[in-house]
Amino acid sequence: MTITARKGDPMIIIATVTVFFMLGAAVSIFFFKDLMNAVVASSLVSLTATVLFFLLQAPDVAMAEAAIGVALVTGIFVIAIRRTERFEK
Amino acid sequence: MNIVTISFLSIICLGLFLSFIRMLRGPTPPDRAVAVDTMTTMIVATLVLIGFVLERYVYLDVALVYSLISFVGLVALARFLEKGF
Amino acid sequence: MYYLGLVVTGVGVLFLCLGGLGLFRFPDVYNRVQAGTKCTTLGAFCTILGVGITQPGWFWKTLIIALFILATNPISSHSLGRAAYKSGTELAEESVVDMAGEFDDYSEEG
């Protein structure tokens, strides 16, 4: 993973920490039995994806990811869980 | 990017790590939602700080849009938690 | 002016870290809401405004972002706490008083 920051290398450390946050949130979705927790954790995954797009110097993609990932996906999943059932068997 | 901004980002990262542990451990869904709300505010501050480090004026727009959008999403989530099943 | 901005940013960053520590240590949802909204609102306000002081051409846009966070962060935290109370989350064992439970109409819909 090469990040071409203008002021040198330490952006790679921030990107590595962000990737670990993203992996932890994404793995924790798998273990949640309550689907509301899974929706909250998927919101966290898109939050860290926004920071990664930001570090890769693509602010427009980061804006689109913020709009879609946080508001739209959360709202649609919440409505879908409300129509069906909440707890996984 | 000098030692001052590196230490600022490290201190914010420590707070992010503590609230991330609360997101993993929190017993109820409102605990996790509160942890994600806190992480959202921290990350808006982090985006402004990274924009300051990279010296790009355009990057402030992302922080503005992100704070606006996450407010809408969290209020929708809270309304859903309030109504119950 | 540059060092003043760095000092304000450092104060804000410390408050953000203390907010994370309070979120980790407190025993209850409501205590966590209190730690997570007060510390991070002041912390983000000071951080963003400190960046605006450091770079003088950026001041108005950072002021807009800081005022927006100052307006919206308490609202979302309040609605989350209200949702936690209405969905029946228990208080901690150390809690002394539950004044919202004394109102009859608070537990109803609305």
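Quick notes on this structure:
In this document, chain identifiers A, B and C correspond to the written order of the chains, with residue numbering beginning at 1 in each.
One rule holds for everything that comes next: contacts are C-beta pairs under 8 Å (C-beta built on N, C-alpha and C of every residue); 3 or more make two chains touch, one makes a residue touch a chain.
Being a predicted model, the structure only gives us computed values, none of them experimental.
A comparison of C-alpha centroids places B closest to the centre of the full protein. Averaging C-alpha coordinates per chain and comparing to chain C, the farthest chain turns out to be A. Look at where the CA atoms of chain B average out and do the same for chain C: the two points lie 11 Å apart.
Centres computed as Cα averages put chain A at a distance of 21 Å from chain C.
Within chain B, contacts with two or more other chains are made by residues 16, 33, 77, 81. Put simply, chain A touches chain B in their complex at residues 5-8, 10-11, 14, 17, 21, 24-25, 28, 34, 36-37, 39-41, 43-44, 47, 50-51, 54-55, 57, 59, 62-63, 66-67, 70-71, 74-75, 78, 82, 86. By the touch criterion given at the top, residues 4, 8, 11-12, 14-19, 21-22, 28, 30-31, 33-35, 37-38, 41-42, 44-45, 48-49, 51-52, 57, 60, 63-64, 67-68, 71, 74-75, 77-79, 81-84 of chain B touch chain C in their complex.
Across the complex, chain C meets chain B through its residues 6, 9-10, 12-14, 16-21, 23-24, 29, 32-33, 36-37, 40-41, 43-44, 47-48, 51, 54-55, 57-58, 61-62, 64-65, 68-69, 72-73, 75-77, 79-84, 86-87, 89, 109. In the complex of the two chains, the chain B residues touching chain A come out as 1, 6, 9, 13, 16, 20, 23-24, 29, 32-33, 36, 39-40, 43, 46-47, 50, 53-55, 58-59, 61-62, 65-66, 69-70, 72-73, 76-77, 80-81, 85.
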